[in-house]
Each structure stands twice: as C-alpha cells, then as structure tokens.
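Read from first to last, the chains carry the letters A, B, C and D; within each, the first residue is number 1.
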C-alpha cells in the first residue's frame, strides 16, 4: 500500500464534558476518495477543522505529505497543499464569481509582491487562466461576472470546489459539497469528483449516501467522536455496528 | 508621603470608579443586549445633571432633583430609542457611530438653547455636606462616601435585577441569543426600550450626583463617555461584572497615577518639571492600561470571544 | 460659524467724525459650545459701546470660532480676504490668538485683544499694530503673588492645568511671591474632579492655596474644596469668579479673594454707566469679559475719531494714546502696547440672590508687565 | 460609462470649478473653504482605505492626521528659528520645503500606523474601534502636555511652506497643490483597490476564513492597509497644517477622528469618492448652516441623522443607486 499523504494520528478534542473527537486516526492515500460519514453532531466538522488548522487538537498529531503539521496555522497548511471547501459557503459574497476564484489563484501564487499593489488583479492573465480553468471544470464558466451573493445554493457549492481547485492542492478536504445541490447537480458533481481523485485524493464528508457509495474507495463512520468502522463500501454496508449505529437508525440523508 | 494620604487617594479612586460604573453599566448593557454603540450616552449624563439642577432650583430638594434626573434621562432615553435608536440595531457599527454622534450635536446644542451658555448651579444637600472623620485621622467628604455607597447599592441592585428577575432572564437571553428571546415570546421592542431607558436613567443619575460637586454645563458628558468606553472595553463588552471591575480599575489608575507619578518623578527631577512630566504621563495612564489589557486579553477581562 | 450680523447702527445722532470710509472690524470669538459665555460677553460689551457711540461708520462682522484654532484661522483669512476688514478683535483664548494674530499682523492688519495676552505677543513677538486692552496673561497671577505677600502667606500651595497658560500662570504667581511653595501641581486640562488634589493640599501643610482653573474646572474645584472641610484661604485670578460662573458655584465661592483689573463696583462714572446700561440692554450683570469688550470698543472709537485707519502710523499713535475713559479708571499702554493699570483684589459676596464681587484692596498699582524689555518694535 | 464614474467626474470638476469661480469674483475665502474640503477629502480617502476596503473601523485616525500636522509644524518651526531638529547622531535641519515635509509626514505617520496597527489588530470589532480610540487619546494627551512644541497652544508657522516654482501663499495655487495631491491619492487608491492586494484585502473583509483557506494571512493584509491608510491621512494632516499655518493638539482629538469618519459615511462607505463627496458636503453644510443660527449644530445633527436613517449607503448611493459588482 502506498504511503498515506494525510495521516491523522490519535486526535482527541473535548469541549467541556463533550468529547468531539475521541482518539481518531485515519489516513488518505493518493488516488482515493475516503468518505467520512456519521450522524449529525458526530464530530465530522470538528475533525475537518482540526485537519485544516482552524482548531487545535487537545492531543494527537496531523501528518501531511510526510511532515508533522500539528502546530501549523491554517494558512501554512493551505500553502502546503490542503485544499478545503466549507460546509456553510465561505465566499466573498460581494465579489463576482470570477473574483472569488482569482483570490484562490492569488493564494496559490503565495505572495502578492510589490507588483501586486498596482497591477489590476482582474487583468492578470496568469491568474485569470487558472481561475477560468477551475470555473469551467465545475461548470460555472457562464457565471464569471455574476455577483456571488446572487448565486443559488448549489452554485455556491460548485464555486467552493472551484476555489479549492485553483490551489492545485495535494489533498482536498470537502465538507458536504453536495448539500443543497439537487439530483441533477449531485450527479454532475459526483462525476466530476470521480475524475478529480486522479489529481488529488479527497477526504469527503457527505450526507448524500448515493454519492458516497458510488464514489468512495474507503468509508469511515464517525459516531459520538469515535470512528466505529473503516472499510470499503461493501464492508461498511454489511457492518452490523454501522447498521445499528447509523444507517438503520435514521434516514436523514 | 503618608499612609493616610494614600488611603484617602484610594477612596477617591473608588469614588471615581463607582461613578464611572453608573455610566458604563448602561453602556455595556445596551451593547450586550442590542449590539449598539451609543456615543450619545454622555448626553443622558448631561440631561440628568441639567434636570437635577433645574429641579433643585425650583424646589430646593436634592432628593427630588435626583428623582428628576432619573425620570428625565429615562424619558429622554425611551423617546430616543423609539424614534431613532430602534432603527439602528440591524445596522453596522459605523452607522451607529454616526447616528449617535449626530444625537450628541442635537442634545448639546438643544440643551444650550434651553438653558443658556452658562453653567447651572447644583449643590450638595446640607445633610451630606462637609467632611466626616474616619479612623486614622482621615477627614473625608461625606458626600463622596455617600456616592460610593449609592453606587455600590446600584451595582448590587443591577446584579439582582439581572440574576433574579424575569426581566433579567430576558436580558441574559438577549445577550446570548437574539432569536431565542423572540422564541420565548418576549416583546423584544419593549425589552429594548426598557434596557435603553434603564441605561439612560443610570447615566442621568450619575450626572446628577456628580453635578453637585462639579459643574453642570453643556458638553460635560463627552469626557465621561470616553472614560466609560474605556471601562467597558477593559471589562469586556456586555459584562456588568466587567464594567464594575473595569470602572474601579480605571478610577484607581487615574487617581493614583495622577498622585504617584509626579511624586515619583520628583525623586529624580526638580519639582516643577516633575509635576509637569508626571502629570503628562498620568493623563495617558488609563489609555495605556486599556491598550495593555486588550493586548493580553483582546476581548477584555470578562468578554466573550 | 457665520453668525454674521453687521452692526448697522442707525444714525440717531450725527457724530462729527473725520470724513472717511467706513472702518471694518472683524470679531472672531467663541459663541457656541463650551466657553461660549465668554465670547458672548465680549461681543455684547463691544457692541454696547458701538451702539452708545452712535457711530454708523464702524461695521462689525462677527463670527463664531467654536473655540477651534483652525476655524479661527480660517475666519481670519476670510475676514481679511473677503470682508476686507481693517481691524480684528474678539479672540478669547491664548492658543487661538497665537494661531491668528501673528499672521494677521504680518498682513498689515490691526489687532485689539479683548482677552488673551500670551507672553510671546508681549515680548519677542510684540508688534506695533497689536494692542492688548485686557491684560498680559501673567498680570492677574502676579497680583495674586503680591496679594499673598501683603497678607503674609509664606507657604502657598499652587495649582494649574497642565498646559502652557497654566504654566505661565504659576510662573506669573511666583514672579512676585516671596514665600515658599507648599506644593506645585499640574492637573489634567478639563479635569472635573479634584478630590486627589484636595487631599494633597490637606497633607501639604500649606497656609494658603493659589489656583488657576478657568471655567468649569474652577466651578468643580471650588465646590469640592468647600465640601472638603479645608479652610485654608484661597486666592485665584478673576477667571474662576466671573459673573457668569459665580452663580453656578454658589456659597462655595463666598469670601474667596480673587485678583482682577475690573470690578462692577469700581466707582468711576464710566463704569457705573456701563454697568447700568449693560444690565438694561441685556438683562444681566456685566462680567469681566463684558467690560473688556466694552473698553476695547471704546479704545477703537477713540482712535477712529482722530485718525484714518488707512494711515497706519497715525492710527497706531491714536490707539497708543488710549484717549478713552476706561471702566477701570486709569488706563495707559506700556511700551509693548499692553495695559498699565491697577489690579485689585476682590472678594465674592452675595447681593440679595446674586453672587458677585466687591473690591477689598489694590494688589498692584499702575502695573505693567514683565516683557516690556523683550519687546523691540 | 457607469453612473458612479460620471458622478465622480462631476464631483472633481465641481471641486475645481468652485475655487476658479471664487477667483473670478474675488472671494478668496471660498478658495480656502474648497482647499479645506480637498484636504479633509484626502484624510477621508486615507481612512476609507482601511475602513471601506478592509473593514477596519478606526476611531483613532486623528492620531495620524495630527502626526502629519506636527511633522510640518516641527520641521517648519526649526527652519523658522534656524535650530537643527537633531544634532546627534546625525544633524537634521528643519525645512520649509513642502515636498520634504510631505515625505517626512508620510514616513512618520506610516511608522506610527504600523506600530499602532500591529498592536490594535490583535483585537477586532468594537474592541478595535476602542483600542484605536485609546491610542488616539494617548497621543492627544501627550501633545497637550509636551511643552517642547507649544503644548495645548500649538505651534504657529508664520509663512506657509514653499513649493518649488509656486507661490503657496496665493490661495488658488495652494489649492492647486492640494487638488493635485487629492487626484494623485485617488488614482493610487483606485489602482491599489483593483490590484491583487486590494482584491485580497476586500476578500479578507468579507470572509477571513476563506482567505486563510486559500493561504493568505488576513492580519498581514490588514496591517499593510492600516499603514497605507495612516500614511495618507498623515499627508492630509501636513497639508491642513499648511492651510492654517498652525498646528495644535485639537488635530489629535477624538472628535477629529469622528469627523473624518463622518465624511466617509456621509458620502458612502467603501466608495472611492465617498469621502470626497462627504467632505465637500460637510464643509458646505457647515458654511450654510452656520449662517442660520447660533445653534446650527442642531441642524447639522438632524441632517446627519437623516442621512444615516434614510439614505443608507450614503449620498452617492442616493444618487447612483446600489453598487454593482464589477471587476
């Protein structure tokens, strides 16, 4: 088996009496989609935040691309190649779609420099190429000039993914990219993510079980801050613990 | 320097702090519950002082004057809340700053138009005037002791109001979650008017109490307003406990720095220069205190991040 | 800012003046915000004199400086550039005067000061077109020192706000004061609580207190001092005991000695007529500032009567002669165009319901100022 | 062309036309007023750079305005008295040259902005408003009691400083200098706003989390913006000092900070020309209302209140409508 590019080792995090992450370990290897599922409040977003850097774990380590990044900030991790999409759309709402993706491209460039104070960003062809490319990959190329706040819920999701793409990350962390997307949109994004795993592996938090089962190479199930099972789609489908703890118990998907 | 003098200065600092608390309590409540920056809070201080001076001149009674300050400031507060402030809750801080700045202009010049350009007269009642003898041979004005007592009583009353009463529960709910109080079936607009009027009344009360030992004049509220802001920021915005602690800290720092710094410089410089340098630094001291607190606790001592 | 009213005095009597164009006077003073009371008094005193003179050839443009130096400078620019005034007057505060006066003088205008008298304008920065009709800033404080000597105080505690005029005040006091200092304190400008200072005075073993705290600061200090139980005698310049603010101080001020070049009970006929007519015109007792405004206008009128303002040399000479009857009695200009006058000690009394002052002694007779020798005109 | 661009052009033309008209009818004071409006506009453009673009509500910008003013006052007073500003380790003489004074004002105020910004940016929201206010007040009280340069009395400079080839004492020429600087500042700010830096700064204002996720540090962006902002406001302070030929600690007062902020809100927050429109209208109101009554502040207050309550987004939005997204 190839070395994991993302290696989460024994992470724990408590908020008062609540154990949001209880000794969690998981890995992501190149080329795979590793889905993280679990009921609401299981601690999925808390885990993503600890991996991305917005939240410091109480104990445990995060290794990324052979490097211990536990003590690094969000920005440093982003620069190392962690591309992230947010559960609640986190975009510059007053900007156009195009401006949002250019921001991503700018972040990927890494520094603004003196030129960056005088050259109009939206006329910088290097940035625009990256941005337009990302937009067409997610299918938003017709909306470049639209104000982001005017996008539909689903379109904002696509834009989230597009921004993550501009960073040419080594790993994608995607927090519910399908939410609010509708059947057709989900289907299209599913196809797209299927391709995307060749570019970089994806740690996918998702409620849409059809998407998860059709995409995931491996699935981890998180319940009350603990990973109760990890395995292939078939293993998870047949896992009795998972069935009682999660799949059988509610149908909120 | 004698211990007696130091004790006396500490009492002075306490009295100043208690006074600031009356101003800051309203300011911090209004911010905590409604999320409003109210620059016009100093105007209620002025309104209270003017109402008290006018009432005292008409009736000769200091207690009536205090009552008048509470009523006038509360009424002014309620009216302003219902006509102007209410429209600002959903706005950003910038709009609030400008609108309440405009209110200062209106209140100040309006008061000057009503009462003229000269300071008004308000004096300490007979039964509280003059000094009282404390242990260690300290002579201390009764009135200032009374202010400390009244201020602490108001503080206790406020804590009780917030911890024990129905209104208090609503206020606390409003601080943590604005949608929730609507869900509780509380008439938000009435609650907001009440909180605003309460804050205004406290400021007006402070103005009247202080008016008796200082001058009652237009523009008296603004310096106090700035200090009250310093207080609530040090204490953590929205926290009554923080306001009390912050007020006492600011009061003591200002008084003791003004007293100790020139003396300290006097050890190494000639008196005239020491007095000048020392008092220059003293006048900056509370701002240094505030900047220092914020650097180590960016949301104040009791603020929520 | 543009509180403009041209004093178009109707010609009730025809005054035989020198046949000439109208004299244009620009008055920049504080009419709004804190401190407006002083400017209003100066304005009212000044306009009363103009009215009484019956002259219709003196146009006065009046503007409010809001006590802001930058506004004052811009008003001066405007009066000089647009209104084409010949003479400026009216400024209350030393810092505003320092901002306006030197450049106005440099542009060939006259300036008659009805209140502020910064030392620079009396010494190195003196000017032949600058006439101070009130006092040099140090004067009343020097009188305070002289008064302390004559009473026999030997251990005075002195106190002033921490700004240049405050430091000048204490320098002025110390110039003539012969005793020791029990303490020297500079308070924060605009400070309203003096508990700390009063405690220090109590602890200092002083035999008297000299303080310079103008306006609201003085009101606060006096009320708090009276309440502190301290009974050491207080001495201060007239600014904290002015007619306008005494009513706000009340009993706390009773009996306090203060130094002034004017008082409403100075017994000369000009002054008595002034007090009566001011009261009749405005319904209140005149203040120190009103008397200064009144004298300033009368000095101006006396000069206009004999010289043309366009003839700078003649007009200077006419002003310098000070050929007018002052509310203060004897009045003359020293070499540096600052007053030579008596400075009195007054005491606060109550007349019926009204607090006011009465003269108890003369602190300095025909007093000039310390900067005459620095002035090279 | 966009409506706002047309309006902006009209505002600039108007600002230019008024003093030229005043020159014709020989009303030099109107020129002075226009110059004041232009200088306040520069101060506002400075604050708007951090406030409008970066969302940093600073109630302490009077500090930079005052520092700019005192840069002029101190340099010119030393030139006036022929005493060096510093004798050791290197001799610095005072100067009467405007360009040098501007350079000095911009350098010193950006240095202060860098330090104050670095400390203040540890906080955010209301706390940021208040800590900037605190720094402003600190400098205000310091200047009042610092005796070397006049304390509360301030410093008088008898002759306006010089600019090569121009007679700065002539009101219209001095206006020209200020107007040219305003245009230069506007041009630079509009370029920076559209640059990569401006894009990132605006992004940070709208969503800090997003900026971190793409690997940009909001705090650094803010600090740079705050420094540039302080530098521009400092420049306007130096000009204001030269307009009055006088500096005093009132330039540091919190009311001054409030006034600069008013220009911005009055015109339109975040709009390039917001502070220009705001400053011009404010000066005009002051001039017109001042003639109405002794109590004109009441009217001014009422008008400002009206703008906040009924003209959200400021006067520019009232005229051209809501801002449209554009690249």
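One rule holds for everything that comes next: a contact is a pair of C-beta atoms (placed from the backbone, for glycine too) under 8 Å apart; a residue touches a chain by one contact, two chains touch by 3 or more.
The model shown is predicted, which means the values in this text are computed figures rather than measured ones.
Peer 1: If chain C were absent, into what connected groups would the remaining chains fall?
Peer 2: one piece
Peer 1: Of all the other chains, whose mean CA position lies farthest from chain A?
Peer 2: The most remote chain is C.
Peer 1: Could you tell me the distance, in whole angstrom, between the mean C-alpha positions of chain C and chain D?
Peer 2: 36
Peer 1: Between chain A and chain D, what's the gap in Å when you average each chain's C-alpha atoms?
Peer 2: Computed from C-alpha means, the inter-chain centre distance equals 44 Å.
Peer 1: Between chain A and chain C, what distance separates the C-alpha centroids? Give it in angstrom.
Peer 2: 76
Peer 1: Give, as an integer number of Å, the spacing between the C-alpha centres of chain B and chain A.
Peer 2: Using C-alpha averages as centres, the distance is 50 Å.
Peer 1: Got the chain C residues that touch at least 2 other chains?
Peer 2: 32-33, 162, 167, 186, 188
Peer 1: Could you say which residues in chain B touch two or more other chains, in rising order?
Peer 2: Only 108-109, 112, 276, 279-280, 283 qualify.
Peer 1: Pairs of chains that touch, anyone?
Peer 2: Chain pairs that touch: A-D, B-C, B-D, C-D.
Peer 1: Contact residues on chain B for chain D in the complex?
Peer 2: Result: residues 31, 37, 39, 84, 87-88, 91, 93-95, 97-99, 101-106, 108-110, 112-113, 226, 229-230, 233, 237, 276, 279-280, 283-284, 287-288, 290-291, 294-295, 298-300, 303 of chain B touch chain D.
Peer 1: Going by the contact rule at the top, pick out the chain A residues touching chain D in the complex.
Peer 2: Residues in contact with chain D: 52-54, 73-75, 78-79, 84, 86, 90-96, 98-100, 102-104, 106-108, 110, 112, 115-122, 124, 127, 145-147, 163, 166-167.
Peer 1: Flag every residue of chain C that touches chain B in the complex, lowest number first.
Peer 2: 32-34, 36-37, 40, 162, 167, 170, 181, 184-188, 190, 192-193, 195-196, 199-200, 202-203, 215-217, 219-220, 223-224, 227-229, 244-245, 247-252
Peer 1: Applying the document's contact rule, which stretches of chain D touch chain B when the two form their complex?
Peer 2: 51, 57, 59, 119, 122-127, 129-131, 133-135, 137-138, 141-142, 144-147, 254, 258, 261-262, 265-266, 269, 295-298, 300-305, 307-309, 312
Peer 1: Spell out the residues on chain D that touch chain C in their complex, using ranges where they run on.
Peer 2: Within the complex, chain D touches chain C at residues 27-30, 32-33, 36, 141, 144-145, 147, 150-154, 156, 158, 171, 240, 243-246, 248, 250-251, 286-287, 290-291, 293-297.
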